[in-house]
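In this document, chain identifiers A, B, C, D and E correspond to the written order of the chains, with residue numbering beginning at 1 in each.
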């Protein structure tokens, strides 16, 4: 229950603090309470942070943060030379971009197959889904790379792309199917009753209503694709994690580099989530 | 802290290693065998403790050592100044060379180092291992592909996705024997470089370092290390039955 | 009352034949490539030997590395699910709490875990945190010859005592990771309880603890259990990722087998099939149980 | 009982809807039991009966929103059957109005009404707009043409639904409890439109409990119970009491309200 | 408008519920506007008014299912306030019955009724069972004690909800449209139970549109509109026509049904 009094302080609204306020509870006390709750949280994070720090200190690890700069980029004679991490994130983005488009295509085809009356469509789609769902991504990647790629002569990058697309495609299929089936039965019936052809029914009535339901989770899929793309480091595609691993094996600065890589992913994925959230809020408002 | 005392107190020596034919591998019962296994077993026996092997993925072996998952790495790790900044090394207990296996179709015409040193040539190796360093140094122009595992790198050569792969001897020779039509050992089996493999330890305990180094000195002058090395590396006849090779 | 007419069987149409034909063609092409273009000496027995092998001395079959790997995988998934469920329950309740600090903590936990690639998370947690944690709780120094530790029960539950601390670290890693997803399951379960139930419980003057324990939780559990079972299967799959930190589970041992034998194709096809069989049977089992529970409730 | 349905000869040209021995099952539950019924050109049939008696199922079989499994149904001389193309043809001659309106929420009122004419009969947008405006005027709602369904009241939405069905110039209109989702004040405005339609000679099949409406416009009243047509008589017979026990009991309950 | 509300002295012991200048907002929408109202021991107050006028909000403020933001509410002499312990105390003296029953679906009828006595007053299970059976008998449903809520009809469920509230032996009972989710046949059985309760002298505050019930048992009728108490007079005054225009209009609509 989110309730805010007209005079609920802006801060409390911003933080989403429960606006329940007793008559005798002046605005300042209310702010104080919100601040106290925030402070509690910050305190806890500080404790966790200190634990990590103490752990690191106890490990007698030699931190060498001063060495990380060139991993991103170097400036030589005013010229920008991208470092391995910079190159890595570009490859990660390429990987995620291409495979997200492919995964939507695969997902749409699978969804159509599953919803169709065709025996082949259903059986092929569900075989695909069962295989993807019941094996680990890592093992799928090994299968793609060591078994399928040599057989079909696919190179490493595309093996990675195809594996990711096949994996995420299974989720996309369920999202698309879910969206289409979430359209009320009455809409299908009304479209049928006016004698629309099957194509027109989907093109003008069902899909336009399903799209707003499908798009937000589909963008969520892109985020998880970025995360999962890290796994292709196992087959040496030169994306962010691979570059990180290579750097570690060069320099043995394991922890510095892991923290940086994790931070880069975090920035990428959280900024995307924030964008998705804004998009969703906007779409809800439009409705 | 005193590593040797800790080991004695615990009664086990924990050894980090990684599967790497014939340094360490699985026999047909799934047990570990290989040169390093022999070395570590004797080392533990001489210390009067049990040995415990911790098989570890190569890319995580140094972080694992630092995170105290085991006491020492006996994993065919070559001594390099770079690595030495992070960990301590003992005196070398083996001197492996690097060998190159090349794809017959792609590189049968190549005979010199320079032939391989072209940007159109792809060379595979195991990520983080010395061969990769060697390849970088020897073939700066060619494209380097790093894998988590030697077998993957080798399969690339068999499939013609890479011109050649570098690995520590004698693996390239063993593999080439299995695929005589596709792969050959480049430079007539000559070692490209000479490595120095030592045990790796966490920094900060010179007593342990001293103990392990001297253990190696003693065992190499007694000839035991060479005898074991030859058994595993010269050819496969001595241990073929253990792993049940059909060829 | 007349009987319903038999449903006419669906017929195969041209489209069906085209689809099946396409799939068949792809498979045929793959076979052609393997036999003619690709150079590879197939040797299934070499890898199958690592699943189960014939001990000639005792004249019996003995499970080998890969089967042991499955056992470890299942153990990992089992313990990690239990710990993750506890984490998820706590965090899930915190996530629905009125207290901002509580909500903030669980939100941060969930978002952090969900926005870092599993690979990266596992490396950081394992090497950085578990390196501190394990010695701290003294797991490294458990008495390996103690009565319980050397018993069969211990082995069944936790595997080889020598690898116990590693096992715990791996399981914790997974638990922390899956805990974020279970948190969301728990939150959805709690929020699925109608508002009226909270109100009715409060209106009869129950204390907050009684409201949660007697009214909300028992109702949420029914919504939580089925996805939790699904999460167990996900965990079996996700556990492959701890192979990267050398926990001796199926995928890690598979990489060892692959590099020992160089039989890469066979190894990964067999291991993929093993995972499939396990996950698929669990999925079927849970579906069956759920159906039975639904029937029983009626 | 045979699984293959016998093909009956098409009934005479004046009959727009013809059920011959139609049965339908939902899994093991038989919802329609040997229905025989025909609706002639210009006839207005009201269908009533207790809840679950199969009224909706029957009316939805006419344009095959539900598929029957036995017997034959002819609509406008064509047998309705699995063939998709033929079925689309039939559906364009049959307008249908649902209890819950089922307007397309993502389209404006005008778009709702013009969609079928444009897509089905390839009219130009301008022509379709003219037709749409005509029917919207007829249901007294032309001024709302550019709004969206969610901006209209229930009664207005139902009138749009009627206009949408009429825009295809159907030969028959089916109504499935068109007023039962409406607030009392709005019921009348929808019934008025329907009455006008009836007066213009439209063939109609109406499931409703509004006995006032039945009394006013129906030519025939069909009473269903447990999947059977129990009674099918002229309005006068029906209201004059020429009806069976069950219908009697049902009617007394309905009128008590 | 001031942020600090004045503390009024606790009203006399005979007054069980007392609203003094109570206001409540949902975000920017003011749902209650300076409510002043008190309910004496043994009094039966019926609250009516158009939808959205704040009836539910007001009655839910009594046991703080909604928190008010201005003014004070005293229940049984205690000011209801953020303090959880005190609030639980108050809630045990106030029984509440909801429109949608809100029985606990995972517990049997008996468990539903015994839960609060066992958890709150630490009665033994046997004692609690005795009490529960007594109240279940009182609402004429003792034979269903071992069933689950989903196995009962709406009217039966609502009677269980009443028994559940009574089992805490409350001093006041609050009812929020207890019959409006029920089918017509079941309304009477619930109203009968409520009437008996009123005749036994229970203090009651009832939101309902059942004017028959109000006429029979109410001591006072409160009419609300737009968050204000517009009218608060004795039943006789109210039904005799001693009421304002708005109440008049509302009543005529209600009674038309």
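By definition in this document, a contact is a pair of C-beta atoms (placed from the backbone, for glycine too) under 8 Å apart; a residue touches a chain by one contact, two chains touch by 3 or more.
Predicted model only: the values in this text are computed from it and were never measured.
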Separation of chain D from chain A in steps, with touching chains one step apart: 1
Pair of chains whose C-beta contact count is the highest in the structure: A-C
Reference chain D; chain at largest CA-centroid distance: B
Centre distance in Å when chain B and chain E are each reduced to the mean of their C-alpha atoms: 81
Distance from the mean Cα position of chain B to that of chain A, given in whole angstrom: 39
Distance between the centres, which are taken as Cα means, of chain E and chain C, whole angstrom: 50
Shared interface positions of chain C, touching two or more other chains: 38, 40, 123, 127-128, 131, 243-244, 258, 264
Contacts with two or more other chains, residues of chain A listed in rising order: 59, 146, 150, 234, 254-255
Multi-chain contact sites of chain E, meaning residues that touch two or more partners: none
Residue ranges of chain E touching chain C (in the complex, touch as defined): 60, 63, 65, 84, 88-92, 94-96, 98, 100, 102-106, 115-116, 119-120, 161, 164-165, 168
Residues of chain B that touch chain C when the two form their complex: 10, 12, 19-21, 25-26, 28-30, 52, 54-57, 59-60, 63-64, 66-69, 148-152, 154-155, 158-159, 175, 178-179, 181-182, 243-244, 246
Chain B partner contacts - residues on chain C that touch it in the complex: 38-41, 43, 46, 49-50, 53, 55, 62, 64-65, 68, 123, 126-128, 130-131, 135, 140-141, 162-163, 166, 243-246, 248, 252, 255-262, 264
List of chain B residues in touch with chain A within their complex: 59, 62-63, 66-67, 82-83, 85-87, 127-128, 132, 145-148, 152, 155, 159, 161, 203-204
Partner chain C, residues of chain A touching it in the complex: 15-18, 34, 37-38, 40-41, 44-45, 52, 55-56, 58-59, 117-121, 124, 130-131, 133-140, 142-143, 146-148, 150-153, 223, 226-231, 233-234, 241, 244, 254-255, 258-259, 261-262, 265-266, 269-270, 273
